[in-house]
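Presented sequentially are two complexes of subunit A, the first with subunit B as partner and the second with subunit C.
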Partner chain A sequence: MKYLIVNDQATLTSMGAADQTFMFPQNRVLGLESIDDTTTALLIQGTNDVDNEDTIVFKHADKSAAATHKVERNLIDDAVSAINSDSRLGFTVLFDLLNGVKLPNQILTDSTFTEV
Partner chain B sequence: MKTPYIYFGTKGYFNTPGVAPTSNVAALSAMTIANSGLLPASKANTVDPATLGYRVIHVAGDQVDDARGTLYTNDFVTGALFNDPNDSDVNQDDKFVGQATNLSDAAAFITGSANGVITIGDNTATGGTVGSDATNGMTMTTNDTVVVEQFKRNDAPGNGASAGELSSCYAYPMYAFKGANPVAYGKTHYDGTALDQTDLHFLSTDGTGTDDIIRLYHTAGKYPDIVKTLEAIANCGVYDRAITFYDLDINGVETFAGGPSLSGNNDLGIVGCFRTTA
Partner chain C sequence: MILTQFAQEKELFMYVAEDATYATGDQAIFKASDFVGATTPTSTTTVFRFYPQDKSKLGIGGDPAFDSFTLEHTEDAHIEVLKGVAGVMSNPHGGFVVVQDDLGTTASSDGSSFGGVISDINYAPIASTGTAVSCSAVTITTVDA
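Our next item is the complex of A and B:
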């Protein structure tokens, strides 16, 4: 089993609370879906409530614009590739605001993690 | 545990009987996200349907003289002229059984404000609340059929995640796939193809004990091939991207998984693909 990590905090001192930094196994993914034209969500089984979902928000370019209309589809491919990654470390970082790590088609600003 | 992912774009599709006009207008039965994947935004009779991302196709179930607006001259499917030489008065406004008319004029129909109701005006000179007339209206009978078909990703069909947003898309890990259920449908596409419905059930993305349903309208008899296609995707061994089962982009370009061989063609005859919840 591989694990995935997200961090939506830019400073070390603010990484301790809920909705900030999180690690979860790759088999907790429920799906990915549109939130709006610049937002796609990765939904995973809730940590505090298994009958609910935690939400990882990926911001991206406007999919309604002609030049970037494929961005959401490509971002989903980015996410699937990362989720299924064969990382020998045992974990893969989906995004990390502190270290500027992100998916290729993601915009890091306003990408978030929210627990139920 | 790696798993393939399956991706669904959205193509709304609504197939409903014609309605005889009252006071020169005929309101179709209501579309919902659950029954068609469509909940169009309000459309006035000044808005060109070409801008909407969906079209309204009338299919004649009865032969009636002087029922179609004279603006419509050619069959949407065959491209043939409507003025049948066997017709007594050889006019293009006479409709014959099976003829498909794209109600492409701005004043042919209006749509309510997110109530899912398309109202079509008849072809009388006086018109009605739709504002149609002898050039752009359509006088229907109850034996006719109207098909509302999305033809590109757009905000007007109202099947985005929220108002004013482009049509939604969904991706699921194949371990969330619960089963494929054939559902009685028994309708005919505007090109004469008999259709079936299949519901694909997935564990809900909201984590609750319910399910998400991806509804497919497709060529009749394709249920076994749909099952085989899902089996092929589940065991494809592709882990670095999601496998597109169906997609429709903002330019109207469609992408298909294909049938069990994953050919990339529309082997399943898909005419509608949408999730029954927004």
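Our next item is the complex of A and C:
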């Protein structure tokens, strides 16, 4: 089993509170959902409430604009590739605002993690 | 009542002990296949949750009472701690990993955590500052405790 990590805090001294930094196994992914023209959510089986879902939000360019209409589709490919990654390290960081890590088609600003 | 199913083949077990003196505090082993997730409640703690070994705590039809261990670590080092634990927890060959054991001894930063070596995970320094990362305590909430 490999593990996935997200962190939505951009400042080191802001680390350490609810809904910020999260690690979960690959097999707890429930699905990807389009929220609006600039937002796609990755749903995870709840870590503290297993019959509910934790939500990871990926922000991206506006898919209603002609120049970027494929961005969400490409982001989904990015996410699936990262989720299925057989990382030699044992983990894959989906995004990390502190260290500037993100999926290729993602916008880091306002990408978030929320635990139920 | 304890869960009656056997661990999966090549299961990986993670050992934690709350104190170097085993008469003090608790010790426990967690199965990697029971891992639910890890979150960061405070600036110096990261909690790792697992499905409970006690069948009566599975909460069928509701939420289980998770087994968990909480690592207390260098301030703001959550990402490095998560990466360190994920690195050892993902070993496809399974086995036995000491996550935290010899608290309060000079061996606590040795870094070897495989096989029979009783020492802890060697965490990378905080990426943005280079600050060394270590764990100073572990709290177990588990099984029949």
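By our rule, the second predicted complex is superposed on the first by the 116 of 116 C-alpha atoms of A that agree within 3 Å, B and C clash if a C-alpha of one lies under 4 Å from a C-alpha of the other, contacts with A are read in each partner's own complex, and residues count from 1 in each chain.
The rule is simple: contacts are C-beta pairs under 8 Å (C-beta built on N, C-alpha and C of every residue); 3 or more make two chains touch, one makes a residue touch a chain.
Just so we're clear, the structure is a prediction, and the values are computed from it rather than from any experiment.
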When subunit B and subunit C are modelled together on subunit A, clash or fit: fit
Partner chain in contact with A:Val80 - subunit B first, subunit C second, else both or neither: first
Contacts of A:Ile35 with subunit B and subunit C, given as first, second, both or neither: first
Apex subunit A: angle to the C-alpha centres of subunit B and subunit C, given in degrees as a multiple of 10: 140
Touched partner set for A:Ala66, first subunit B, second subunit C, both or neither: first
Touched partner set for A:Met1, first subunit B, second subunit C, both or neither: both
Which of subunit B and subunit C A:Asp51 touches, first, second, both or neither: both
Partner chain(s) touched by A:Leu43 [first = subunit B, second = subunit C, both, neither]: first
Which superposed partner A:Phe24 touches (first subunit B, second subunit C, both, neither): second
Nearest-approach distance, in Å, of subunit C Cα atoms to those of subunit B in the combined model: 10
Overlapping contact positions on subunit A, where the subunit C interface meets the subunit B interface: 1, 49-51
Subunit A residues within the subunit B interface of the complex: 1, 26-27, 29-37, 43, 45-46, 49-53, 63-64, 66, 69-70, 72-73, 76-77, 80-81, 83-84, 86, 116
Partner subunit C, residues of subunit A touching it in the complex: 1-3, 5, 7, 12-13, 15-18, 20-25, 28, 44, 47-51, 54, 87, 89-91, 93, 96, 98-99, 115
Residues of subunit B that touch subunit A when the two form their complex: 1-3, 5, 7, 153, 155, 160-162, 165-166, 168-173, 175-176, 202-209, 212, 239-242, 244, 247, 249-251
Residue numbers on subunit C that touch subunit A, as the complex places them: 32-33, 35-46, 49, 62-64, 66, 75-76, 78-79, 82-83, 85-91, 126-129
